[in-house]
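Chain naming follows the written order as A, B and C, and within any one chain the residues start at number 1.
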Amino acid sequence: MNGSREKLIEVNHLKKYFPTKKGMLHAVDDVSFFVYEGETLGLVGESGCGKSTLGRVMIRLLDATDGEVIYRGENILKYNKRQMKDLRKDVQIVFQDPYSSLNPRLSVSELIAEPLIVNNVYNGSKAERDARIRTLMDTVGLAQRLVHAYPHELDGGRRQRIGIARSLALDPDFIVLDEPVSALDVCIQAQILNLLNTLKKEKGFTYIFIAHNLSVVKHVSDRIAVMYLGKIVELSDYRTVFAGPLHPYTQALLSAIPIPKVDQQRDRIILEGDVPSPIEPPEGCRFAGRCRYRKDICSQKTPELREIEKGHFIACHFARNLSM
Amino acid sequence: MSQMKKRKMGNFGEIMRRLKKNRLAMFGLTIVVLLFITALFADFIAPYSYAKQHLSDAFQAPNSKYILGTDEFGRDIFSRIVYGSRISLQVGFIAVGLAVVVGGFLGAVSGFYGGKIDNLIMRAMDILLSIPQILLAIAIAASLGPGLFNLMIAVGISSIPSYARIVRSAVLSIRNQEFVEAAKAMGSSDFRIIMKHILPNSMAPIIVQATLGVAFAILTAAGLSFIGLGIQPPMPEWGAMLSGGRGYIRDYPYMTLFPGLAIMITILALNFLGDGLRDALDPKLKR
Amino acid sequence: MTEKKDFLLDIQNLTVHYETDSGVVHAVEGLNLQLGHGESLGFVGETGAGKTTTALAIMQLIPNPPGKILNGNIIFDGQNLNTLNEEEKRHIRGGKIAMIFQDPMTSLNPVIPVGEQIAEMIELHQNVTKDEAFKKAVQMLELVGIRPERAKDFPHQFSGGMRQRVVIAIALACDPTLLIADEPTTALDVTIQAQVLELMKELKKEFNTSMIMITHDLGVVAEICDKVAIMYAGSVVEYADTRVLYTNPLHPYTNGLFNSIPDLDEDEEELKVIQGLMPDPTNLPSGCTFHPRCPLAQPECSQKKPEMIEIEPGHFVACPVCCNAFVKKG
């Protein structure tokens, strides 16, 4: 099933480092993976793992330090300004915070109109543009009467719908969703997740869904990549990641999720200590310090992300030997 | 019903509502509006021309013929104050306007691009700021020569650095907001991002500073005219009137009293208004 | 005032309003809640339900203006907290009732070392010298898993999880009878949350502190709470032992909450959502506040505010409709 699908995006050895006073911060550290057309790739990890940075570097909201991002066969990191402007129509992003991702001085229709105006769509005809805005509002479930409303009058869920409508305006193929429901209440979250699902089914989008909430990620993703301190430690389809994770970090992460059911409390793997600093990280496996299986080789040699069974990638020297 | 109206007016209506609650600010606003009306309709309000001399009626105390008395040349003080409002407002708003546009542009560029440009512009501003504003205005006015226009330029230039600073800091804080990233993600040009997204959201501190700045500009102009720079007689600038009446304070105090009061009330009103605007605009910023 | 000594905390008919520019916010309306000694109660609801307001009311910390406890009794250990004077209230805060807030970044004073912050709490409530207080503070740090050498460090030198441990240490320093924790792990990463929850479970066992845990996370409640109360728009809609509520949720809102969470074990295409939004607290719906969104709504629901019905021993629901359905089933 996987073999027949097209690869929409290929990321090769992508790096993003930030210079700080104490040294280089390795936010994204040599990450390689691909995304199939039409799938949802979930990107999970805790704070500081680099998932948000990775999402932004992939669509060039931030400039990469090194590496390639191949979109439909071309390395978009080498695009010039004009090519980038063209690309923006195909590649979009929805942000996490519905409170700061909308310009407070613009009304709903002005916010959704922005991408159309900036890219000269419907340039002559305001009527056509307005019609498109209304269609988009319908698509995301915003009532027509809100067309002149301002963000501060609306709740988080509605604001997020505006953000989604805005990202759909140019008919993209690929959307990066950066924690799109993390700031929302549980009931509104469910509404937005359903909406994202419906949109994907109808229009065939490819999503990268960045989140730290694992049950949400499982619900939406086809495949999941687990990140730790700038690197991908495990990547597989969602069933495998949840039922049979092989990387010790993934195992600990999954065991840490509080389950909303009684009689299902299981033994926790409690990780000692805190996440180490991403500034000038030492050689070797980033997780070695907190891993209960660590051996000497772990702090000496950085494990590569390798495909150990079909479609299941893992970055650990002892991958084959460990299981739940 | 009022919900719909509120939506159409956007944020403006809420700001006005908050402002209305502040009595001092409303007082200030009223005075400023009155000032505008006075300046606009000076020809109808003033009973006499500001330059017309009635030498036989000189040094008169306030009476029925000359409401606020006459000066040493027999000119009606009331009429001169009325026409003087035009000059004060012109100086205030044009000088501040110049400073806001030039300073704002420099601050926006500085804050948005950062790096070497930021450094260059801000150090230039620092040089200007190291000279007390009024001395700077005096120096510029003195080198440009007399005249209302030069007065406006002098005051304007001396005010540029403070607006550059304010706009720069506003731009810096907004630049990292996600909605600016969103604008980049849809392909907006830098120019559009600054003009449509960043600057409109930085208006609050600019408005407050500008209101207080008009007050300062009027005061500076008065000061410059007082020492003989800027306005030339017979223009009825309030500061110049103060200067002219200096020698006669003991015997004919009203020659300085009334122009002084005019300056004081105007500055006070602008300050109240500025403070009120700052409070009215602030809660919105918090959101 | 009837004093129920069997309950540690008995909230009777609590009503709290805030008077704001845009109207009167009915934050809490006719809330009833009981907590026994040594019990931990999960207080679940979404933003705006009134959970934090209730917690503040118990602590007598409702800002006045604009807030006011209009009605109701908060009986704690036999005393009605509403009737105490300010001095007595201060004595209870931190001493008998301690509170942990959500954001560990802002609940610690950034310019005072953590050891001193714990010691301050001890000095305020116990008659000890400065040195003794500091010694006890260091003990508390060790109790929450922080090395004693770090007592002189400042908050910014700790990570989020560690800071929250410090906050817990401060709260428990005077061995309070009741601990109110307002979303204590929401701001933390999942693995750190697990650490902190394990710590809280241990401490709960060791100190036998009663606890009210405010959260929106049903998973956390299942882990650490004996009882759970579901709150919606200012009042409790369902209340039971955790086991009972999780195996047999009755109130349509409770069911809605459970349905909104994607199941880790099953695959679901679509989540069963509750339509609409939380009501505007300045303009609550008549009768049952949930009726506009409720799939089981009947005409009576908009007319009469439902009472809490004890549908089975210890299981209370504020919904006559689902109670009838339940009775008919069984």
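Following the convention adopted for this analysis, a contact is a pair of C-beta atoms (placed from the backbone, for glycine too) under 8 Å apart; a residue touches a chain by one contact, two chains touch by 3 or more.
No experiment lies behind these values; they were computed from the predicted model shown.
J.: Identify the chains adjacent to both chain A and chain B in the sense defined at the top.
T.: Both chain A and chain B are touched by no common chain, going by the contact rule given at the top.
J.: Write down the pair of chains with the top C-beta contact pair count.
T.: Contact tally peaks for the chain pair A-C.
J.: Using the average of all C-alpha atoms in each chain as its centre, how far is it in Å between chain A and chain B?
T.: 50
J.: Using mean CA coordinates as chain centres, what's the chain B-chain C distance in Å?
T.: So the centre of chain B lies 53 Å away from the centre of chain C.
J.: Roughly how far is chain A from chain C, centre to centre by C-alpha average, rounded to an integer in Å?
T.: It comes to 33 Å between the two C-alpha centres.
J.: Taking the complex as given, what residues does chain C use to touch chain A?
T.: 46-47, 159, 161-162, 189-195, 197-198, 216-223, 242-243, 246-247, 256-264, 268-274, 277-278
J.: Residues of chain B touching chain A in their complex?
T.: So the residues of chain B in touch with chain A come to 7-8, 10-11, 177-179, 181-189, 192, 196-197, 200-201, 287.
J.: In the complex, go through chain A and note every residue touching chain B.
T.: Spelled out, the residues of chain A in touch with chain B are 56, 59, 61, 84-85, 88-89, 92-93, 95-97, 100-105, 107, 114-115, 118-119, 148-150, 152-153, 163, 166, 169-170.
J.: Under the touch definition given earlier, write down the residues of chain A that touch chain C in their complex.
T.: 46-47, 155, 157, 185-191, 193-194, 197, 212, 214-216, 218-219, 242, 252-253, 255-263, 265, 268, 270-271, 274-275
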